[in-house]
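Both complexes shown next keep chain A, but they swap its partner, so chain B is in the first and chain C is in the second.
Up next is the complex of A and B:
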């Protein structure tokens, strides 16, 4: 009976975390799971359709090959490694700075709050997609720069959401009590406020994760991603764009993979939000 | 009320100043903007000449204030590639982007609101679940992928629409549908939850007790009262759409500002990039200002506060 109850309220959480686990394992261990070398070009095997045999050797290509004869499945797995890694690191950076700013602004209020929130407003006056495009255009499109740009576009949401929660938290009795006992601000923020914002931060992080994957993919699609030969999901869709008449799988399959991953992450965020709302 | 309008207006001006400042400093992030604007093989002399002609050798603050002064007078600099006024180039491309964004927002509003109303009206029925699943899925699809799939199905296979370019209304269909695909979801979701809230309000319960039909209640009273949050989402999405048009315009070679930005980026034509981004940001800020004014007009409660 109890088991069933747990399952009923949490099916979203169970399914999505299970799938996320699989996605992470498969991409992290891409070298073990991918059937071929993602960089191996082969002139005889150009644009082989899914589920057909290679000409140069006896293997089967599950998801076909691209315009240079590279195995699409292998590139998807390696590409996933990079795409997910980029967004995880960016969410971490954005989450840490954003939440810290949100807690500080909310807790101290007054001038500190005003300055930080105006900064956030200023950044929001430029649509994040455009901000990302100019920054990559100026800084150049290496992996590090993409992570920097993604993190910069992400901190504001964390700061705002966390700040609004801190505003109500700091009126709570346990915070008042700690203040009255002379506990230093930094300790109050770290020991009493931060632990109570975890759920908000986590929910926000998973929402931002899907946003970052999409933004990173859009940048690669516009040709502003990491360099062209390195597989990324957005880059693969972009490469396949020129072959949509002859090789449908090149763009379609990576797109479906992105959609599936984001769907899973969104399901997970949905579950987190339901949990936090009780 | 007048105070509120003035305050919102000043806030918008401040936001524009903020956007201009951010763009100014981003362009100078690399340390040497003149180098950035020339091809890698350009000689030191050429870089020095450009630095001189664009005034990058002056102190940063002087550059900044001159830049703001120029902006106020409508001077956004000249495009390095086209050798024309950058603002002029952007404004020439604006109508195409607006065509696209306005048709897309109309599609998104009509489809999204209808879906939201149906799903609130038929709460917890099969059709409600179906709409919810659809909303959930469209939120996960990358825009550029939707565009490519549309081209594959409707242009390459069925030959219903052209794959790219701007040749009249028929070529607007696929790009507009692509751009509309995403915002349908937030509009429908907001419509649904807002209408469900309203239907539970005591005046609606009274209406029900008075024997009004459910359909009449939803359409006549409910919808009107549920509209406010939806207006916010629509305006937000419209702003994002104008910026997001970069991707859609690139897929369909639609000759709008988005395509211009991408061309300017690949030509290292940063004065043009700067002007395009500023114009779009100003538009974005204006939209949010106008939304607040519409709000003021629909919801008299704000006037009191």
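Up next is the complex of A and C:
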């Protein structure tokens, strides 16, 4: 009876974390799961449709091949590795700096708050895609630069959400008690405020992660991402768009995968939010 | 007359208002507090009781006036020792404890801060404090939400006790609790006073609470002290009309009469 109640209340969490687990395992261990080498070109097998046989060897291509005869499924798995890794690292950076800024701004208030929040406003007034394009143009493309660009576009949301929660937290009596005791500000922020914003930060992080995947894919789609031959989800959509009339699977399948992963992450963050409220 | 511990004179708190006259929350409040004495502060909501208490505890800066503790003037930036000497007990026992810290960590905070206790010394002191307030030692690893309101207030008292203060400011410590728990908490506070000689500044809505616990009473109305004196004298022969209405408004219990 109790078990069924647990299941009913947490179906979102169970389904989404299960799916996310599968996605992560399959992409992290892409070399084990992908049927072929993602870089292996085969001119005899250009643009063969899903579930058809190779002519060069006896294998089956589950999701077809691209214009250079590379296996789409294999590229999808390797590409996921890179896309997910980029988004996780940039969410980590954006989350840490954004939350720190949010806590400091919210806790001290006054001028510190005003300066930091105006900075956030300025950045928020520039569309993040535009900012990313400009920064890639200045810094140059490449994996590290993409991660830097993604992190810079992401911190504002963390800062704002965390700040607004800190504003209500610092009026709580336990914070007042610590202040009256003479506990140093840095300790109050670390011990009393940060642990009470965990849920918010975590929820925000998962939402941001889906945004990062999309942004990274958009950058790759525009040709501003990592190296052209390296598979990324956005890059695959870009590569496939010229063949959309004859080979629908090239752009459609990575597009569906991105949509599916983002949906799963959003389901997960939805569950986290429900947990934090209840 | 016992030794004077705290001397508060001409305390004022003025809030500036945009486009209007300034608002005085507390006007020219003066009182003294002796060693081992309990001073009750009564008055309606918004009469400035809590503001006075918070200024005494250093949680709000006073606009003007002076506070002298043990012959030493307290500046707006207090030394750690002065902060240690005046501890505050909050009205809402649940929100005064950080929900993400275990009981032992909540109690460890003042012990580390003021006495630099670590390891085994810290552990045994936490156990002593739990004994002092009547909470089983096994509760040290629990979180505040696993405790009842009364137990949370006991932890709040233990946290104040940990600082070994000479003055405890109690801001309606029982008003969020039900009647039976209220009297237990009051008994605990009285017992601690007997054994350690604390002085209390005790704020309460309920006049019966003030009557049982305090030696002297300060009656406040709209930020001003309207009457002060020994508890019995104020309660039995109130002079100010406001005090008279306050005392008349104490609900008298009339038990219904049953005929068998």
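Rule of thumb we're sticking to: the second predicted complex is superposed on the first by the 278 of 278 C-alpha atoms of A that agree within 3 Å, B and C clash if a C-alpha of one lies under 4 Å from a C-alpha of the other, contacts with A are read in each partner's own complex, and residues count from 1 in each chain.
By definition in this document, a contact is a pair of C-beta atoms (placed from the backbone, for glycine too) under 8 Å apart; a residue touches a chain by one contact, two chains touch by 3 or more.
Not measured: the values here are computed from a predicted model.
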Which superposed partner A:262 touches (first chain B, second chain C, both, neither): first
Contacts of A:58 with chain B and chain C, given as first, second, both or neither: neither
Chain B versus chain C as contact partner of A:195, first or second or both or neither: second
Which superposed partner A:172 touches (first chain B, second chain C, both, neither): second
Larger contact residue set on chain A - chain B or chain C: B
Partner chain in contact with A:180 - chain B first, chain C second, else both or neither: second
Partner chain B, residues of chain A touching it in the complex: 118, 121-123, 125-131, 133-135, 137-139, 210, 214, 217-218, 221-224, 234, 237, 240-241, 244-245, 248, 251-252, 254-255, 258-260, 262-263, 266-267
Sites on chain C touched by chain A in the complex: 57-59, 78, 80, 83-84, 87-88, 90-92, 95-101, 109-110, 113, 159, 163
Chain B residues touching chain A - in the complex, by the definition given at the top: 15-16, 18-19, 21-23, 26-27, 29-30, 36, 136-137, 139-145, 148-149, 151-152, 156, 239-240, 242-244, 246-247, 250-251, 261-262, 265-266, 270, 273-274, 277, 280-281, 284-285
Partner chain C, residues of chain A touching it in the complex: 172-174, 176-183, 191-192, 195-196, 198
